[in-house]
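Each of the next two complexes has chain A plus one other chain: chain B in the first, chain C in the second.
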Partner chain A sequence: MTNVANAQPRSRFVPGQPDMWAFVLFEALVFTAYFIVYIIRRTQSPDLFLESQAHLDLRVGVFNTLVLLASSWSVARCVQAARERSLGAALTNAFLTMLFGFVFLVSKVLEWVTKIEEGFGFTTNEFFSFYYFLTAIHFLHLLIGFVVLAIGAYQLASPARRSQEIIETCATYWHTIDFLWVLIFALLYVMR
Partner chain B sequence: MRTSATGALPDEPPGSLLRRIAWHWRYDPKRELWIAWWTMLVFYQLFGLLFFVVTRTQPPPQPWWEPTRVAQWFDEHLYGLLIGFAFVFIISGMTALMNALIAYSMRRMSVSRAFAYSYLVIYALSTLPGMLLLGIALTVGAMRPDRDPELIRWIYDFAFMTFDGTMGVFLVGSLVWMVAILLDENRVFPKWFAYLSLCNALTEVVVAPAWIFKSGVFAWNGAISYWLNVGVFVTYTTAFLTLLRRMILREDFGTGPLPELSTDEAPEPSGSVRAAR
Partner chain C sequence: MNSGFEKRLIVVLLVLSAITITQLGVGSLDGQDALRPNAAITSGAIVIALIKVRIIIREFMEVRHAPVLLCRLTDLWVVFAGVSLLGCYFVGMTFSTAEGLG
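Our next item is the complex of A and B:
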């Protein structure tokens, strides 16, 4: 654990706890398995998946992606500010990240409500089963991300408990959520 | 099997395996911990053997079968179900020792005892949906083949839905263990295992669609709801069996940080060591 106030040039191989990178690896493997199953099922029913995919609004997917990329930018600025001991700026960026995350959550819930009102539910067909499943499991990761960001903000809020390593660990988790969303976006909204 | 460097024990005698086991039984202060660990190891071997080979209930059969096909399945697996679940009921008591060892690991951490007690309660409860309800329901179906096939199919649905679709208790248990490890300052477990617990908890959410779908990747025998979850669970179980063994090797019966293992896997002497007995 490295105190921000006593930050030394570090020779660590990865930012944050190396253990969090193990989580990134585990989650990447699990999501890769989801994606492989999705692609296999898609190749077995290409017409159904293409026809169903046309009912998704690409603009919503692009908006979601831009919002999460903006959140990754703000969390990176948070880490940078913490390294430079600009703790006020770091805290502001942590809250900005939460705001972007909240915008993503609201837009995703609105998209789900719209699709359900249009008659596309979880059991409508296999494409929509995957759509709700992948977006919901990602949504759950994002909810945990708020807890993780709150831990980071708690670290930043008091000089007595500041830990650069924990802040970087929290940022790593948030970037993982963003990374997973980009893949889900590409598979569900873009891939034809 | 190694012992702690307590300094008060006679040296382990050379010679036959039986002689060394007898020595450990008499002198080893970690005797109960090793018994619990070996119980856990044996339990998981038996669990796999009984569910996958003897009863043939894993991987689960098709969720969409009609009543006559379900009745035929019970008939084809009659002796496997009766003999296999008889053994499952006998070995279910082993879970008490397993849960106790995991609770012990949390008691060894620098966290509140509430974590260990919560885990014990949650996992005592989880034995029901995780093992016993399936066994009881399928044994009832196997013992009453003369009943209405619709009733038999209801029992079949009940058995596999409770077994494959109820992971909530396991999920909460994994999270309790995860938080304890993240807060612990005694380094009982590495932090990566806490994150693996989170990963395991998140994949247990994935089984929920098994309640809705009767076929496809989200059914109770589907690629995502079943096979992926099994893969993560096997990885998780292998990890905690290995780490619990390591914890016992490192145990010094102190209250501070657990000493690291030296190259011969015996713990470094620690200032917090006290006589265990």
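Our next item is the complex of A and C:
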């Protein structure tokens, strides 16, 4: 474990714990499998999927993506600030990341509520089953991300337990939530 | 905070945001034809998404500083995702069109 106080400039390094990278690659493969099934089913009923997709608001998808990108930016700043022992700045960026995550969470819930009020539920058709499945499983990862960020903030709050490796591990998990959403956005909102 | 790194993070965020806003335009390109399959828009959406993912991995996740093995593994996944998603789309659409004609 690397303490922030003892952090030295590194040439080539694995950001965070290698175990987290194994998990990230595993998650990436699991989500790729979901996406493959989605595309195969989509090509079998293109008209149904296109007609259903037209009920989603592309602008909401873009907004959510921009918010998560901003959260990735702030968590990257958090890591860098911790590395430079600017612990106040690191903690501020960790909370900023939580704020962006919370905005995404509220936006996603509002979108679900709107769709359900419009009559598009999980069982409406296959497109909406995939829509709710993919966004809900991503949402679950986001909720876990809040716990992970809280662990990072807890690490930053006290010099006694501060570990740069754990902070980088927490950031790696959060970035994973971001890049998985980038793909979900393209597949649910943009593709034809 | 290191001003060089700070500037780099801002540039990355701006590039990713600009690409995302471009997708708003790409998603509206077909206008009235939005209810028809469009291979160009689909390919563009998937390729742009994977470019964004790679930028996030390289820049925000700092894989550009990681050992070569991690760089190669992440790149391999990006290529695998691209080939499998685009491959499934084109093969699926070919079968779907053939069934429609049959």
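The criterion applied here is as follows: the second predicted complex is superposed on the first by the 189 of 192 C-alpha atoms of A that agree within 3 Å, B and C clash if a C-alpha of one lies under 4 Å from a C-alpha of the other, contacts with A are read in each partner's own complex, and residues count from 1 in each chain.
Everything that follows uses one rule, which is that a contact is a pair of C-beta atoms (placed from the backbone, for glycine too) under 8 Å apart; a residue touches a chain by one contact, two chains touch by 3 or more.
Nothing here was measured: the structure is a model prediction, and the numbers come from that model.
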| item | value |
| --- | --- |
| Clash or fit (per the criteria above) of chain B with chain C on chain A | fit |
| Superposed model, chain A: greater residue contact from chain B or chain C | C |
| Which superposed partner A:Phe26 touches (first chain B, second chain C, both, neither) | first |
| Vertex chain A; arms to chain B and chain C (CA centroids, nearest 10 degrees) | 110 |
| Contacts of A:Val190 with chain B and chain C, given as first, second, both or neither | second |
| Partner chain(s) touched by A:Asp47 [first = chain B, second = chain C, both, neither] | second |
| Which superposed partner A:Val14 touches (first chain B, second chain C, both, neither) | second |
| Chain B versus chain C as contact partner of A:Phe133, first or second or both or neither | first |
| Chain B versus chain C as contact partner of A:His55, first or second or both or neither | neither |
| Partner chain in contact with A:Leu66 - chain B first, chain C second, else both or neither | second |
| Smallest separation in angstrom, by C-alpha atoms, between chain B and chain C in the superposition | 15 |
| Chain B/chain C common contact set on chain A | none |
| Chain B partner contacts - residues on chain A that touch it in the complex | 17-20, 22-23, 26-27, 30, 33-34, 37, 41, 122-123, 126, 129, 133, 137, 140-141, 144 |
| Contact footprint of chain A on chain B as seen in their complex | 190-192, 194-196, 198-199, 202-203, 205-206, 209, 212-213, 216-218, 223-224, 228, 231-232 |
| Partner chain C, residues of chain A touching it in the complex | 10-15, 21, 25, 28-29, 32, 35-36, 39-40, 42-44, 46-47, 50-51, 54, 58-59, 62, 65-66, 69-70, 72-73, 75-77, 79-81, 84, 86, 89, 171-172, 175, 178-179, 182-183, 185-187, 189-192 |
| Chain C - residues contacting chain A, complex | 1-2, 5-6, 9-10, 12-13, 16-17, 20-21, 23-24, 26-28, 30, 34-39, 41-42, 45-46, 48-50, 52-53, 56-57, 59-63, 65-68, 70, 73-74, 77, 80-81, 84-85, 88-89, 91-93, 95-96 |
